[in-house]
Every structure is written in C-alpha cells, then in structure tokens.
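Once you scroll down, you'll see the structures, which are given as structure tokens.
Each of the next two complexes has chain A plus one more chain, namely chain B in the first and chain C in the second.
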Partner chain A sequence: MTTVLAPVAGAAVGLWAVPDPVFSEGLVGPGLAIEPLREPGRAVAPIAGKIVKLHPHAFVVVGDDGRGVLVHLGIDTVQLKGEGFELLASEGDRVGAGQPVVAWNPVEVEAGGRCPVCPVVALDAVKEAVTRIAEGPVNAGDELFRWT
Partner chain B sequence: MAADADAIIAGLGGAENIIEIEPCITRLRTEVRDAAKVDQAALRAAGAHGVMAAGNIVQVVVGPEADTIASDIEDIIG
Partner chain C sequence: MPERKVTVESEVGLHARPAATFVQTAAKAALGVTVAKGNGEPVNAKSILAVLSLDVRQGDTVVIKAEGEGADELLDELALIASAP
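Let's turn to the complex of A and B:
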C-alpha cells in the first residue's frame, strides 16, 4: 500500500474537475487534484522514491515498489517552458515523501490565463485501487489518497 | 509498458504525415498534414492510453515516457 501526500497546499478535488481530458478521463491513471492556494509555494514529493521525470511544470516519483505518481503543476503549463518554475531537485534524485521538488507560483500561472489546478495521478493504477483520504483543505505533505 | 515508436509513426499516417511532434509529460502533441490518415485504433494498439484529435492537432497519450518516445520518433523520422 502507498500513501500519497498532497504535493501542494489547497483544496482536494476530484480529477473530473481538471479541464484536461487526459486527467479528467483518467487516461494515465486515477488520483485526485488540488486546487492550489493562490500564493507562491513549493511542490513536494508525494511519495518517497526516485524522480524519474522532472520537468519544471510536472514530475514523476517512482517508489521502490515500482509505483509511479505524477504531479502536474497547472494545466497547459508546458507552454510556459519553465518560466516561473524553479527546480529544487534533479532528475534521478532520490527524495523523501514531502521533500520539496519545484517552487512555483499559482498566481502567475493563473495570471497567464492557465488553470493552476494540480492533478496527482497514480500512474497505470486501476480506479478501484485509489481511496480518497483528504476532503477539502490540505497542506503540502498531508495525506491525500491511499493506493492499494 | 512503453508505447512503440514505429507503430505510433504508422498510426499517425507515416513519417511524411507528421509535421511536428512535441512531448509533454503525459502525451505527444503532434501536428499532422492530413488528419484523415491518423488511425486511432492503431495508435491505441501501439500502446497509447488515448488519442485526442482536434483538426490537425493529434494528442497521443502515452504516459510519462512521452519524451523518450518523442526522441525515438524524431530519430526515426529525422
């Protein structure tokens, strides 16, 4: 079993609320999303493991059991080409759950006309494997969902 | 399971049909010359989780290996 932490502070919402069908239809896996607090923040690793993919706007951490969790900071934020994001770790690094990975500012993302919501996805998991823990407000590092 | 680069090229209508291919963390965002040549069933069979097409923009959802697959495709189509 894996307990997945909230990577950012905000309000936990269903993936259906994400305005991108890749996430709302669960094409890469089930999970939850966080409507982030509108203030500069640091996105933390949702699980302990290795950062196998690190983009300024998104990253994937894979645990020792091989399970990967994707954190995407805002929607269509690949278009920002890293502007407004600061990497606090490197691809290939081992991180502890809750360790900061990227600094960003949801206010700037929103000011640029993009939705700052953050999908947190249990990659390739079946829908039934994910059980919601958080309802409503969360801090970065709080338990978000359980992956059995 | 990683999607197969050759099969994705075929599903997009072949190398000559691909104008541009750009990876995001979960998908390949491609621009094609002729959207009618895109075979969504073939792309799914190639390992895509889903395909979203709007005009000549086709997004192939392949998961977090998108950047690796995109560079494989670029190597093949040159």
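Let's turn to the complex of A and C:
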C-alpha cells in the first residue's frame, strides 16, 4: 500500500474538476487533484522514491515498489517552457515523501490565462485501487489518497 | 517481429494526451507491445509510467513492436497516434 501526499497546499478535488480531458477522463490514471492556494509555493514529492522524470511543470516519482506518481503543476503549463518554475531537485535524485521538488507560483500561472490546478495521478493503477483520504483543505505533505 | 518506426510530430512529444492515448490503445490489445526511443531499450507500451519515462520529444524517432494476431493493425494504429502532429 502506498499513501500519496498532497504535493501542494490547497483544496483536494476530484480529477473530474480538471479542465483537461486527459486527466478528467482518467486517461493518465486515477488520482485526485488540488486546487492550489493562490500564493507562491513549493511542490513536494507525493511519495518517497526516485525522481524518474523532472520537468519544470510536471514530475514523476517512483517508489521502491515500482509505483509511479505523476504531479502536474497546472494545465497546459508545458507551454511556459519552465518560466516561473524553479527546480529544487534533479532528475534521478532520491527524495523523501514531502521533500520539495519544484518552486512555482499559481498566481502567475493563472495570470497567464492557464488553470493552476494540480492533478496527482497513480500511474498504471486501476481506478478501484485509489481511495480518497483528503476532503477539502490540505497542506503540502498531508495525506491525499491511498493506493492499494 | 513486426515493427513500425515513426517520428513523433506532436509539439509536446509522447507526453500528456498523445502518451495517454498511445498507452490506452496498446493496453486494449491482447498482444505484448513495446516501444523504444531510437535504438534504445524497448519498454512496455502498455505502461504510462514506462512511456512517460522514455521522455520522447518532438522530432524523436520511436520503434514500436508487437507480435501475434492483429499485430500489424495495432502497430498501424499506434504509429498513427505517435506520429500525429
């Protein structure tokens, strides 16, 4: 079992609330999303493991059991090409759950006309394997969902 | 083994929607399917984690392989997804 932490502070919402069908229809996988607080923040690792992919706008951490969790910071934020994001770790690093990975500012993302909501996705998981823990407000590092 | 070699044209590479569509299509098939970046190590095309970890960018070439009944049809479909702009 894996307990997946909230990577950012905000309000936990269902993936259905993400304005991108790739996430809202569960094409990437099951999970939850966070409507982030509108203030500069640091996105933390949702699980302990290795950062196998690190983009400014998204990263994947894989635990020792091989399970990968994707954190996406805002929607269509790939178009920002890293502007407004600061990497606090490197690809290939081992991180503890809750360790900061990327600094960003949801206010800037939103000011640029993009939605700052953050999908947190259990990769290669079936829908039934994910159980919601958080309802409503969460701090970065709070338990978000359980992956059995 | 039947294979297709295609250049990824999508601006975001094989990430986001193209990656999700690619993996969903591969996962529907009963065959084993692999994808490799260039001459790199093939990975399971049915795993979104494996495909995202390949980090295929726009302009990269991927090699998709499958074996068994319906492999050619499946590969044609996957090649179309991977090469879509």
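Quick note on the criterion: the second predicted complex is superposed on the first by the 148 of 148 C-alpha atoms of A that agree within 3 Å, B and C clash if a C-alpha of one lies under 4 Å from a C-alpha of the other, contacts with A are read in each partner's own complex, and residues count from 1 in each chain.
Keep in mind that, in the parts below, a residue touches a chain if its C-beta (ideal position, glycine included) is under 8 Å from a C-beta of that chain, and two chains touch if they have at least 3 such contacts.
All values reported here derive from a predicted model rather than from experimental measurement.
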Mind working out whether A:V78 is in touch with chain B, chain C, both or neither, as first, second, both or neither? both
Have a look at where A:V22 lands relative to chain B and chain C in the superposition and call it first, second, both or neither. both
Once chain A of both complexes is superposed, is A:V117 in touch with chain B (first), chain C (second), both, or neither? neither
Which of the two partners, first being chain B and second being chain C, lies in contact with A:L5: first, second, both, or neither? neither
Between chain B (first) and chain C (second), which, if any, makes contact with A:I47: first, second, both or neither? neither
Greater residue coverage of chain A in the superposed arrangement, chain B or chain C: B
From the superposed pair, tell me which chain A residues show up as contacts to chain B and also as contacts to chain C. 22, 27-28, 52-53, 60, 68, 70, 78, 123-124
Could you pull out which chain A residues touch chain C in their complex? 22, 27-29, 52-53, 60, 62, 68, 70, 78, 123-124
Listed in rising order, chain A residues that touch chain B in their complex are 21-22, 25, 27-28, 52-53, 55, 57-60, 68, 70, 72, 78, 123-124
Help me check something: in the complex, which residues belonging to chain B touch chain A? 24-27, 49-50, 52, 59, 61, 63-64, 67
Show me the residue ranges of chain C that touch chain A in the complex, using the header's touch definition. 12, 15-17, 19-21, 24, 47-49, 52-53, 55
